[in-house]
Every structure is written in C-alpha cells, then in structure tokens.
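Letters A, B, C and D mark the chains in the order given here, with residues in each chain numbered from 1 onward.
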Amino acid sequence: MPTANASPCRVTIWNEFIHERSNADVKKIYRDGIHVALQSSIESQLGNLVEVHCATLDEPEHGLTDEVLATTDVMLWWGHAGHDQVSDEVVAKVHQKVLGGMGLIVLHSGHGSKVFQRLMGTGCMLRWREAGEVERLWITAPGHPILSGIEGDYVELPETEMYGEHFDIPEPDELLLISWFEGGEVFRSGCTFRRGQGKIFYFRPGHETYPIYYDPRVGRILANAVLWARRQDGSYTHDARHIPEPLNPIR
Amino acid sequence: MPTANASPCRVTIWNEFIHERSNADVKKIYRDGIHVALQSSIESQLGNLVEVHCATLDEPEHGLTDEVLATTDVMLWWGHAGHDQVSDEVVAKVHQKVLGGMGLIVLHSGHGSKVFQRLMGTGCMLRWREAGEVERLWITAPGHPILSGIEGDYVELPETEMYGEHFDIPEPDELLLISWFEGGEVFRSGCTFRRGQGKIFYFRPGHETYPIYYDPRVGRILANAVLWARRQDGSYTHDARHIPEPLNPIR
Amino acid sequence: MPTANASPCRVTIWNEFIHERSNADVKKIYRDGIHVALQSSIESQLGNLVEVHCATLDEPEHGLTDEVLATTDVMLWWGHAGHDQVSDEVVAKVHQKVLGGMGLIVLHSGHGSKVFQRLMGTGCMLRWREAGEVERLWITAPGHPILSGIEGDYVELPETEMYGEHFDIPEPDELLLISWFEGGEVFRSGCTFRRGQGKIFYFRPGHETYPIYYDPRVGRILANAVLWARRQDGSYTHDARHIPEPLNPIR
Amino acid sequence: MPTANASPCRVTIWNEFIHERSNADVKKIYRDGIHVALQSSIESQLGNLVEVHCATLDEPEHGLTDEVLATTDVMLWWGHAGHDQVSDEVVAKVHQKVLGGMGLIVLHSGHGSKVFQRLMGTGCMLRWREAGEVERLWITAPGHPILSGIEGDYVELPETEMYGEHFDIPEPDELLLISWFEGGEVFRSGCTFRRGQGKIFYFRPGHETYPIYYDPRVGRILANAVLWARRQDGSYTHDARHIPEPLNPIR
C-alpha cells in the first residue's frame, strides 16, 4: 500500500545569509535571515507534515554535510551575492542528490546558482530591474497541485524586483505561472523540471529588500511545492550498467 | 494548510462490460467483470483512502449520471467492443468533467474510446496482434509517483496482446513506461497528459483474455495513478470571460 | 537527397470574411478582406517559394473542397463571428488533413474555431478586452526558425485587443512568445503543437479593427511559420493496423 | 525575405579517432576513421548544401579552435574511449557555442561525453551489451523533418550494440525513435532538445565495430538532422542584462 508519505517530509532550507547581515535595510525585513522566515512560513502551512532544518554558506561544508544531504527529502535554495563562494564539491554533491531523488526548490536569484545552472545545462540568465514595481503572477496551469488553494486567476505582489525574458532555461516540463511587470516585461515565474529522479521547482518571487516571503499565498505555493517535490521511495541507480546476458535469446 | 487529501478519493470505474458476458473464455478470467477486478485491486491497495463506485454501458446514461459525475474525483475507463455505443452526450459530459479537474485513467483498448480521442485531438490508433507474447514494460521515469514501489528496471508480463507504434497521440507530458514485445514491437505504455485542470494517465496493460488486472504490480501502478490524478480543490472556470476594466491604466 | 522543398509551398488562407463586409470600420482597414492582406504579406516575404490560394466561408464547402485540401501544404485560419457556421463535415476533413501532415496556422480569434478546439481537445477559451492597448510580445525561444530575422527581445504593437490567461490549451510543445498587455494581463501568444503528422502554430496577434497584418514583423513571423509548418513528404497512414505475423519468433 | 539557408551549412564532424587506429577489427570497418565515413555519407546526401570539415582529439585544441567554432553551423560528436581526454576548456567553448545557436548532433557513445552531460544536466548513463543483436528503430514522430524520406514504420539494423533504458536524460522535447532490441531491451534512440538558441539531436545508432554509418537510411537521418539543427541567423546575447529604465511608467 502506498504509505511513503506517512512520515514527515524532511526539508532543508539553504540560504547564503549574506545580505541580512551586511545590509541594514535587509536586516529590517529579514532580521534572522530569509531562511528563518521561510522555515516559519512552511511550518505554519504544513505543521507536522514536515521537519525543517536550515543550513547557511558560512557553516562547514556550507551546512550541507553528507549526513544532512542523506536525510533531506526536499531542499530550498536561496543565494545571490555568494554564488561563487559555494564550493564545487558541495555543488556536485547536491546535484547528485537531486538526480537521486531529492526535491529542489530554487528561489528567485537562485537562478544564478551553480547547482541550478548545472541541472539546467544552460546559462539561466535574464533581464532585471530593481524599481519596486507591481508584479502579477498569472496562473497558466489551474489544477496543478503546486497551486492548490490559490484563489483567482493571479497573485499580485505590490513591490518587486523585475525579472524579464528571455530566461535562458530549457523548456520547462510544466509552466505554472507567468509574471506581468508594471514596467513592461514578462517572466516564466513558476516552472517545473524532472532531472534524474528528482523534481525541481523554480519560483521567481522573493528578494532581500521586499517582504515577499511573509505573504501567505507565497507561503502556500512553497508549501505545496514541498509536498509535490518530496523524494519518492526507491533505491534506483543511475550508474552505467553492463548487462552481458540478454533477457531474450539472440539468434 | 493543504488538507484536500484528508477525505477519501472518490473513484468511478467505468467498464463497457460486454466481453465478460458474451465470451466464455473471458468470463473464466473476469467472472464478475473487469470493473470488479479493478475495484478489488484498488481497494486492496488503497483501503479507506478511496471510495470506489462502478458504472457500466447498459445502465441508464451508462451509469454516468450528473450526480455520479459530480462526485467522482478520478475515473477509470475500460472499453473495446462498445466504443460506438457510448452516447455522444455522455462523452461530452465526461470530457467537460476532465477539463474541470476530474482525473482520468484510460486502460488498454480505451485508446479507441470517444472520450480519449476527444481529449487527445488525434486518432489514437496503433498496431496490434493477439499472440500471447511476453511484454516487458521498461521504466523511463524512475522516481515518478505513479511508479512508486515498483522494484527494478521493468515489469514483465508473460502473456499479452501486442500494441505497437506508431501510437497516434500528442507528445505526452511525461513518458513513464515503454513496452518491449517478444514479437518485435515497442509501445509508449504509460503516458501522462494535463488537459484543462484534469490529469490523464494512459496505461496500456490489460486485455479481456489475460488476467493482467490481478497482477499486484499492475495494481500498484493503478493505485498510484489514482492518487496522482485525483481532483484538486478549486472552482476554476474555463469559460471565455470579458474583462472590460483594465487592471492597470491604459494611456 | 532531401529535395522536398524544391517545389513551392502551397498555402491556403481561409477567412470567414464577415466583419470586412458588414462593418465600415473594418472595411477601412481590410478593404478586400483579411485574407487578401495576409496573402499579400506572405507573397511579399516568400515570393516564388509559395503559391497562395484563398478560401472563404460563403463559398461552396467554404472553399475547402477535396481538391483544395489535397493540394494544400499549409493552411492559415482566421475566423471569429462565424465559427458556428463552419460545417462539421468540413471541420472533420481539415482535422484529418492536419493529422495527415498539412500544416495549420491558427490566427488570433481562431482560438475559438471548431478545428482548433478539436485538435487541442480543450476549450481554448481565454479572457479578453478591446481597449486599443499596447501589446509587447517577448521572445522566449530565441533561435527558433519561426522567429528568424526578428531583431531584439520583443515585438511591440501599439494598439491591440487584449487576450489574457488562463488560455485553456494543452501545454504547447514549444512556447515562442509571451505577450505583455498595458492593462495588466499576459498571454502565451506563439505556441507550437504537433498532432499526427501535422505541425500547428497558434499566433495571437491580429484583429479585424487593427491593421496588425500589415506589420512587416508580423508578416515575417507568419512567413517563417509557413516554411516551418509545411507538409513533409510521405504517405504515412494513421489507421489501426493488424499485424498478425510477428517480426520475431514468439516462444 | 527568409534567405538564411542560401549559403551552405558549415558542418564540423568531431571524432576522438582512437579505436580506428588501435584496434584491427575497427580499422577494417572504418579505415580512415568514423569521421571520414560520416563526412562521405553527409556529402553524398547533401552535396553542395553543406561544407564539411573534420576535427579529432589529437589535434591542437582537439581541432576545435576559436576559428573553427566560429565557422561551424552544426557539429557532430563521436567519442567513446577518450571522453576524459577532452579538455574542460574546449568543452566549455563547445557548450557556449551550442547555447549561442550552433547545432549539435551527438552520436551513439557520445551520450557519455562531457559536452552532452553538461548540456543535459544529468548523468546520461544507460545499460549496454555488445552481442551483435538486431535493433529495430520504431518511428514515434512520423512527419518530423529529421525522418523525412524514411519509408515504413521502422528502420532495422541487423547487428548492433544494445543500449537499454533507463537512459538518464531530461524528458526530450521530441521523441522520434524508440529502439527494440532482440535481447529484450528498449531505448529512446532519437531525441531532440533545445538549449539556449541551439538545437540538439541525440541519435543512438553507430558503433565502432559495426558498419552502421554506411547504411543509407542512417545517412539520410543524419543529413536531415544537419539541416534541422543548423544555426539560425541572429546575434542574440544570453548575458544577464540590467534594464534600469522601465518600458512603461511605474506609479
């Protein structure tokens, strides 16, 4: 009987945690770090369906030790100023974990992270502007579990950083949200991808200078995404494998 | 908090129920009908996570009254000899229900049903041979929830009807299973599609003259598919809608 | 040697041709009909690479006789007020021709045509507003042949009818263009689909009260789409086919 | 007017060229190297539509100098024993060229090349067996330009190395061919992907110990793929770009 979901989903929120300590404006919004705001939001949405753990750049191995990786079902990734400081060794491990079934939710400026670029195989670059403009995220996949509970045709955010197309990613498996920006651009803001056994969700909203991760609709989407992306059972191997004996006779 | 899944998933199994009453060989395998075998399999897999109901061709409105349709979260469809006997009115209602969010699992010869053809927009035809040959369903999407709990790289069935490419369907959203047939053909045997708000899973295995729906791995896949396809919450409308007032000012 | 493209591509432009004869404002813009403007645009772009033919609703069989259909490599479809007047028999023939390899370019309000709905399997509805607002079509697939020769990141149109999401179509095979509208909405305005052997391109721009089909960038995209969608060689059949003899021995 | 295709398509065939010089059996089949057999095949199919150039591992910069890369519209890649000998610097350049619009055709054991893995973002591993078995490539996308001119429902090769699923790649944009192997496996043997502005075709057939690249149907598919993948015009940039001034006023 399908019972894999009976135990809590083990979530690791990774945050570079730089802006919140170096910039007074950011500190006002995310005093304890973006990761703590995210943790609080996800826990309030999902209660004991999840066990949430945080990790940051300046910890040993960026807080992503083998033990942490082995016990993570879904990882959230927030990075911006410190992309280059993430060690290639940790990136390689996270990449392998996703291919092995760990879910990954990449947030906002995480588009430029090494791990997202490695998973996508493209540059993942985009246009941007920081002008506090209105963003309206239109739903293009009503009925998708990641959008469960979101009322209406769109989610509007009053003040945002703009991200504009072209967003250099592979064609998403599913496109869930397209953003309209007051200043004239559009963006594919909610995209799903499967890579290996892992499920990936890129979600655009969020920025260190806007309190977007306190928005309950944003929180609901992230909570839905956690449940959607959670690791499935199984110990599948992606190694090359020699099968010397045919399953059926060869003439 | 995401709680939509707390109530049982309401499943309707539709079977034309013709071969089992007219053909002695079929009767030996599926004495009470394919639908009863499917019901038993799904209930044994999912217990009180589901409430299963059956409907057949010769009931009034083929058993698919407005009330039944309004209370179905996922429908399974098995048809073969009676595709043409299904009324266009019922087909139109089922089609609309899928677009409105009802899950649909189309089984084996259901590829030729009116409702699948209408949802796909293509002819959905294929090559076939009934020679009791080995079929081996290879997993192309390890980690997909529909394949949860399936061990190994493939599922082998000892005696099957062959379906061969080209299978005239749109490119699936996700291709989960490809069949190898002893006689020399291949087939895309597990395919997902989203249409409107509804999730669709086409699953090839099954035939009236082979006891395939008693296979526990087949049962597991179908049970997983029921959970995957279940209707999400929401009262989204797909009607055209006039929005005379702009959300932002037009110069 | 691949030489299929040596002969001209045979194009049929279908227009219901209603607004241009009944509405004085429309007549001013498209005096001889939208089809004639489209023909002129495509011929000026493609010269002797194409042979363009037109057909309209009020002709016998809507101008789409068996002979016309048999000699069409790519069809363009413009309809709006007369969708319901198109006979089901003609729709069924066009649908079959697309599955058999004829390219189809569906323009603007053609989203509501019977033939597009039948090919998509969904309702194809959307939100709309006629307020003469700016539309900016952002390129999401740079390098796609349909966008060849289009400079910059977007195409801007000064006055348009708005179409907004959710657009109830299957996930496109390729999403080429997303529109931003001044009034606050977004739309998937350039979408490709393969169905059977046929290639389909939905292109949003155009309306009977705006001179959009005179825009050379719009003309270039349509000309590119004609070349992209043109029928390939081959006499493939989509019929069900019984293969009684296995290609390989069955034990 | 679309005229980009008037000039010849500049093709570079890259071959590691190891087996053909170190193994007598291979030398018998591909005496001058697999690249020369491929060049001959493509030139005989496409004549003066192409200008073909070859490059090999042991040349300076593996023959892939900046000048060669700047003048290549489509690259074919054959590697096997020497994947690890390809320098990371050259891999990075080829990767960037593909994102910038160069077509890439990855052949057979090229699935394990660094450049393919980097573009896919996954491990690209598979199962294999070298037993000289029959392979039958079934067409799943009739009407696709890469399959133009291929008669019938499949291409059969009498003696091949087996590649079996799971093939660890992202879901292809288009799946054109599925292989059946005599020994019991299946494989997605013809897959297209767009990455950045570049078009990629993975084509399974070929092996150093079977004369598969002399098969005219294989040659036809490769020639079609060259035309399909050729670079489009345009000087698009994938760099991140700051757009300080909004296109529309922000309140």
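Note that in this section a residue touches a chain if its C-beta (ideal position, glycine included) is under 8 Å from a C-beta of that chain, and two chains touch if they have at least 3 such contacts.
Please read all numbers here as calculations on a predicted model, not as lab measurements.
Between the chain pairs A-B and B-C, more C-beta pairs are in contact across B-C. Of all chains, A has its CA centroid at the greatest distance from the CA centroid of chain C.
With centres set at the average Cα position, the gap from chain A to chain C is 37 Å. The mean-CA centres of chain B and chain C are about 32 angstrom from one another, to the nearest whole unit. Residues of chain D in contact with two or more other chains: 127, 134, 136, 141-142, 164, 166, 171, 173-174, 182, 184-185, 194, 196, 236, 247-248.
Residue ranges on chain B touching chain C, taken from their complex, read 99, 112, 118-123, 125-129, 131-134, 162, 164, 166, 168, 170-171, 173, 182-185, 193-196, 236, 238-244, 246-251. The touching residues of chain C, counted against chain D in their complex, run 1-2, 4, 45-47, 101, 134, 136, 141-145, 147-149, 151, 173-174, 182, 194, 196-199, 220, 223-224, 227, 231-234, 236, 247-248.
Residue ranges on chain D touching chain B, taken from their complex, read 127, 136, 138-142, 153, 164-167, 171, 174-175, 178-181, 184-186, 188.
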